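The letters A, B, C and D name the chains in turn, as written, and every chain counts its residues from 1.
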Amino acid sequence: MSILIGRETRLVVQGITGREGEFHSRQMLDYGTHVVAGVTPGKGGLTALDGRVPVFNTVADAVRETGANTSCVFVPAAGAPDAVLEAVGAGITTIFCITEGIPALDMLPTVEVVRQAGARLIGPNCPGATSPGRAKVGIIPGSIHREGTVGVVSRSGTLTYEAVQAMTDAGIGQSTCVGIGGDPIIGTTFLDVLQLFAADPETEAIVLIGEIGGSAEEEAAAWAAEHLRGVPMAAFIAGRTAPEGKRMGHAGAIISGGRGTAAEKVAALETAGIRMASSPTEIPALLRAAGYRG
Amino acid sequence: MKIQEADAKSLLLTQGLPIPDWSVARTPAEARTAAERFFAAGAGSVVIKAQVLVGGRGKAGGVKLAATANEAEAVAERILGLSIKGIPVRKVLVAAAAVIVKEYYLGAILDRASRRIVVMASAEGGVEIEEVARATPEAIHRASAHPLLGLFDYQARELAFAVGLGPHLKSFVRIAKGLVATMKVNDADLVEVNPLAIVRETGPEGPVERLVCLDAKITLDDSALVRHPGLEEMRDLDEEDPADAEARHHDISFIHLDGTIGCMVNGAGLAMTTMDLVKRAGGEPANFLDIGGGAKADRVAAAMRLILADSKVDAILVNIFGGITRGDEVARGLIEARARQSREVPMVVRIVGTNAEEAAHLLRKANFETAASLDEAAEKAVAAARAVATEATSAATPATGGAA
Amino acid sequence: MKIQEADAKSLLLTQGLPIPDWSVARTPAEARTAAERFFAAGAGSVVIKAQVLVGGRGKAGGVKLAATANEAEAVAERILGLSIKGIPVRKVLVAAAAVIVKEYYLGAILDRASRRIVVMASAEGGVEIEEVARATPEAIHRASAHPLLGLFDYQARELAFAVGLGPHLKSFVRIAKGLVATMKVNDADLVEVNPLAIVRETGPEGPVERLVCLDAKITLDDSALVRHPGLEEMRDLDEEDPADAEARHHDISFIHLDGTIGCMVNGAGLAMTTMDLVKRAGGEPANFLDIGGGAKADRVAAAMRLILADSKVDAILVNIFGGITRGDEVARGLIEARARQSREVPMVVRIVGTNAEEAAHLLRKANFETAASLDEAAEKAVAAARAVATEATSAATPATGGAA
Amino acid sequence: MSILIGRETRLVVQGITGREGEFHSRQMLDYGTHVVAGVTPGKGGLTALDGRVPVFNTVADAVRETGANTSCVFVPAAGAPDAVLEAVGAGITTIFCITEGIPALDMLPTVEVVRQAGARLIGPNCPGATSPGRAKVGIIPGSIHREGTVGVVSRSGTLTYEAVQAMTDAGIGQSTCVGIGGDPIIGTTFLDVLQLFAADPETEAIVLIGEIGGSAEEEAAAWAAEHLRGVPMAAFIAGRTAPEGKRMGHAGAIISGGRGTAAEKVAALETAGIRMASSPTEIPALLRAAGYRG
């Protein structure tokens, strides 16, 4: 098995006729993902990707006609939160929002409505997820992956590719790679994904790739310390040399309780028994050292 | 984006918050005129505050009182001559000095962990609030605003009673809700009033005490500026590095640092990692630079100009993991940029992912130094910078010696 | 509270909805001036619509076209001379007649059962929407607005596609959201646009089609008028029974009916029940009247005046179940009112609950007819009214006979 | 047992120092209700009702200090929705809102937040509830009640008193009488209360007192037809002779699907096997006829 996406994924792409939406839908389809529908209001009845995917006016239509259960949102920032809510309203349970540049305050009600509906939002401003050999949703290049049993979760885009490529080069495959996105307000956190990996029988080891800022890595570490002691884990934190955060002022420092620096994150993860890499290329060796034999 | 105190106060005023009148002056003469106005209205003295976007202006001598218009002019002249943390003071705010009975802290912030706007209040106002958070965290009271409905009145009342502002209940509730409204209306990440103060004023029937916002600090969400053209105008170009403006213009995320190795990377996480590896290899990054996703040749050229504009840069490290971004596009941009660049700096290029082979071919043809892994790229760049520095030192030493 | 079409259009316009220009005229001359303005602006003809708060004005001849200013004046004169369902037409709305391509229905209403604002749209517009609901309920499409966030864009889009307005998607979304915004901003129970129409207009580059609101109907929540002083001014006093204004002034809930038995009750449910029992006893209630909770003597006196102002009232039934309301207060009010009342009408009083004994004592002393149960009270009141009516008939018959 | 309130009720009165709040708090206290606290912002530390009830600044304080679990709101209309939310925020699970004149649109988010918190709101614009011999919350006169086993639910105030008085006079006591309020948007419906009565072992018969307008009686009847066939029930609908509703226009008639008249409500209730009274005084005899022996 895999988490979030797999062979049972029936994907609807919101914004499929846009430049990015079309390009990546083709990549997903070529990777083997079941891209069953696209949505562009006003283009219902047409098809996309050389006639391979029907286009609908609404997600509700797409779900009714194609049984879509997962959505990937490429809609521009101004309309993306509404697109996410449309997916939720149509009964989609897993939504990837690739769109970047969504104002943070727009996401507060959005993630709350998603949560109340019992659905799951990954992102926004995330690269998506890949379950190698099964499906990929989003913009992660399919070529970097290898089928396997290591779960990867990351806040970054290209940094994830770097780490995954290093694993693949070392012969270590992945069960699922999830990019949760780097925005202040996101739908799915490190902790959420760790819990999914913990429940997935095919995931035997976990790689966590974090960044300075916020306290999501520390929260994940605290949970891992309690629940993932037997699981081989490696992690990398970007930003050890980065200058002090430019976004948050006094209140930011207060709210995080002084947390958020790379040193503190590294300490929290090490305390949880997770091996820390000083370069993404070290990850494969650390997984082996942690006892991973996959 | 940070905005100046005066602009922050304007935004709070728009939400109906109680803020004593103020003026902004760019010259001592303007400060004098402003001070005269406040004295004429009955002020005992005026306060003159440097308008800079960095903290610690009080300690740096950027906040002073003046008892006469003459003194105000002199004080303004001194403050306008200051540089605070490297930023020259170009404006001062002038206001009647308040008679402060007690100071409080009140702030609203977007909290990532709870995905809520959190409002914080403390009876320990007017001081560094991080200090309070560290020394007596229990002195800071929090309320988590409803994600869909905002801060409820009762939550504001609870905060008011917690910090002992029961006697100013209605006013406090209005101000606390006004902070959250200010956040929402302007897409701010942070709205802080420190101090929120009870001041004594002379009303028509003798002295009265009221709650007012004596300072204001607002940080805006950059992602939302497109829908607030009025706020974009509050950007203080005076205080901005011209490089920042150019980076923004090209959708490049750029932060200037003190090192010698210029970095050009796609993706913020990878950019930070590249900096970390430069450091691990013994070098110092000259910047954080993320060209973003899907960058084309022109953006690459702009990034190169930004890096080279920093005279301290001795070597450049380009690290691209192609996904949306096409490696050949980047390579073409680099070749073009080098052809037109103002000075010669060693460059190490690593391009993997989408169209990496075509990129490699182009770079080979143009005689670029390349690297296969990020670790290798960092080491090569640091070595190149060291060579340049050594050369410069050996070149400089005799020259200096010769002049002596 | 219902408001006139012109006021409803103003409220929609405030929310930025597309509404063709209009004028309101109180005289044929004003209608002519308005028509001249529209003809000058290029209108082929104008429409003149009676402004009354009752439905069915079209069937009653209250909506007409006019092709010239002369005709407009004549038509306005005819309409201003009409009475529609008993309401004299005092104002007309004048507008350029639209070239209608197709009509739709769009309405937003507060739905009790789902506790949501529900937006309804239909391609069957411009007709009685109840008819559509009855004959082809599937032709009405619904969207339930989020209770905290309102109508989402996607819900509006779904409605647009459902009724075939995909080609006018953006405009429809703006209008549908505007209806909900109008509800929220004004505390309306109902905002209806019927018809919402695609009209053909002549733009600078030839004919264009656009979606506009050709009619508007808004009902406001009476409970919320206190916070909308501007809306209270839209109350059409011309069309209001003066009794309604007096009832409102005294916080009395009053609806005038056609029967002969005046009712004074505390509580709406009990007031309706009292009317039901009057009917069951063979009588006809002259009104619904709820004096509300905690009524004092002055409100009782005002209620009495309201009832007696109706010359058809032959008997009065007072039914009070004291809870917050004190029975003795009501009794005192009744005694005072009777002492000052303009004409003598038999009255049956039943007061139970809080301070009922003291009330009974007062009423007995003042020789009021009382009843123990509500059933008994209703029967006695009907009997008394019958006696009055019989007496009046027997008195009238000989008199008429005598005159013949 | 009883529903909603009983001996375990620990009541906080919001707005206890107002004229109405104080008057009715005294009545409740005299009836035997455990009125453990009052709330008036700014009067924390004082007492109300001759020192018998402590007053707090916030409901949270009242809950912490007195263990209040039920609230009764007498706060004026402008502040009442916030008072309800304050009670919810402080962990109160049963809230009676007596206040009348609250704009309907203010209640939409309020009832939704209450629902999401898993709390229960009765009202607004309701007279409250009485569990005779145990507790009364709200403004229903205590004197009209008698202990017993008939559950009463009503949209009206004084009409309820009339019906209850008739029952008490006929020797029929009540388990709990609930006034759900007559506003367009209310927290607890007929159906909700029927379900509570159905689950209450001490309630052996049910009286429902409705009014024209809306479709709440029909919904309750539909449920009763399925779930309360064995329970003796009587009902009364006020407004058989009332003129057509003055509030709602076209859309109202549509939304209710043509329902809402007295005749339709009576028909729905009779179809469910519920005996219909043509006057509140008939209720006791109808209960007996339906087999009630309590």
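In the analysis below, contacts are C-beta pairs under 8 Å (C-beta built on N, C-alpha and C of every residue); 3 or more make two chains touch, one makes a residue touch a chain.
Given the structure is predicted, the values throughout are model-derived calculations rather than measurements.
K.L.:
If you average the CA coordinates per chain, which chain's centre is most distant from that of chain A?
P.N.:
The most remote chain is C.
K.L.:
Could you tell me which pair, A-B or A-C, is linked by more C-beta pairs in contact?
P.N.:
Higher contact count goes to A-B.
K.L.:
Distance between chain B and chain C based on Cα centroids, please, to the nearest Å.
P.N.:
It comes to 58 Å between the two C-alpha centres.
K.L.:
Using mean C-alpha positions as chain centres, tell me how far chain C is from chain D in Å, no decimals.
P.N.:
Result: the chain centres lie 29 Å from each other.
K.L.:
Among all residues of chain B, which ones touch two or more of the remaining chains?
P.N.:
Where chain B meets two or more other chains at a single residue, that happens at 148-149.
K.L.:
Specify, in ascending order, the residues of chain A that touch 2 or more different other chains.
P.N.:
In chain A, 109, 113 touch at least two other chains.
K.L.:
How is the touch graph of the chains shaped: line, ring, star, complete or other?
P.N.:
Contact pattern: none of line, ring, star or complete.
K.L.:
Using the contact rule from the top, write out all pairs of chains that touch.
P.N.:
Chains touch in the following pairs: A-B, A-C, B-C, B-D, C-D.
K.L.:
Which of the residues in chain C end up touching chain A in this complex?
P.N.:
That would be residues 146, 148-149, 152-155, 157-158, 161, 166, 169 of chain C.
K.L.:
Quick one: in the complex, what on chain A touches chain C?
P.N.:
Residue list for chain A touching chain C: 41-42, 44, 57-61, 79, 82-83, 85-86, 89, 109, 113.
K.L.:
Using the touch definition from the top, list the residues of chain D that touch chain C in their complex.
P.N.:
On the chain D side, the touching residues are 20, 77-78, 100-109, 111-113, 127, 139-141, 144, 154-162, 165, 182, 184-185, 209, 211-212, 214-216, 219, 236, 238-243, 246-258, 278-281.
K.L.:
Which of the residues in chain C come into contact with chain B in the complex?
P.N.:
Spelled out, the residues of chain C in touch with chain B are 148-149.
K.L.:
Which chain C residues qualify as touching chain D in the complex?
P.N.:
2, 55, 107-113, 115-118, 120, 128-130, 133-134, 137, 140, 147-148, 183-184, 187, 189-190, 192, 194, 217, 219, 221, 223-224, 227, 255, 257, 265-270, 272-273, 275-280, 285, 288, 293, 321-324, 352-354, 373-375
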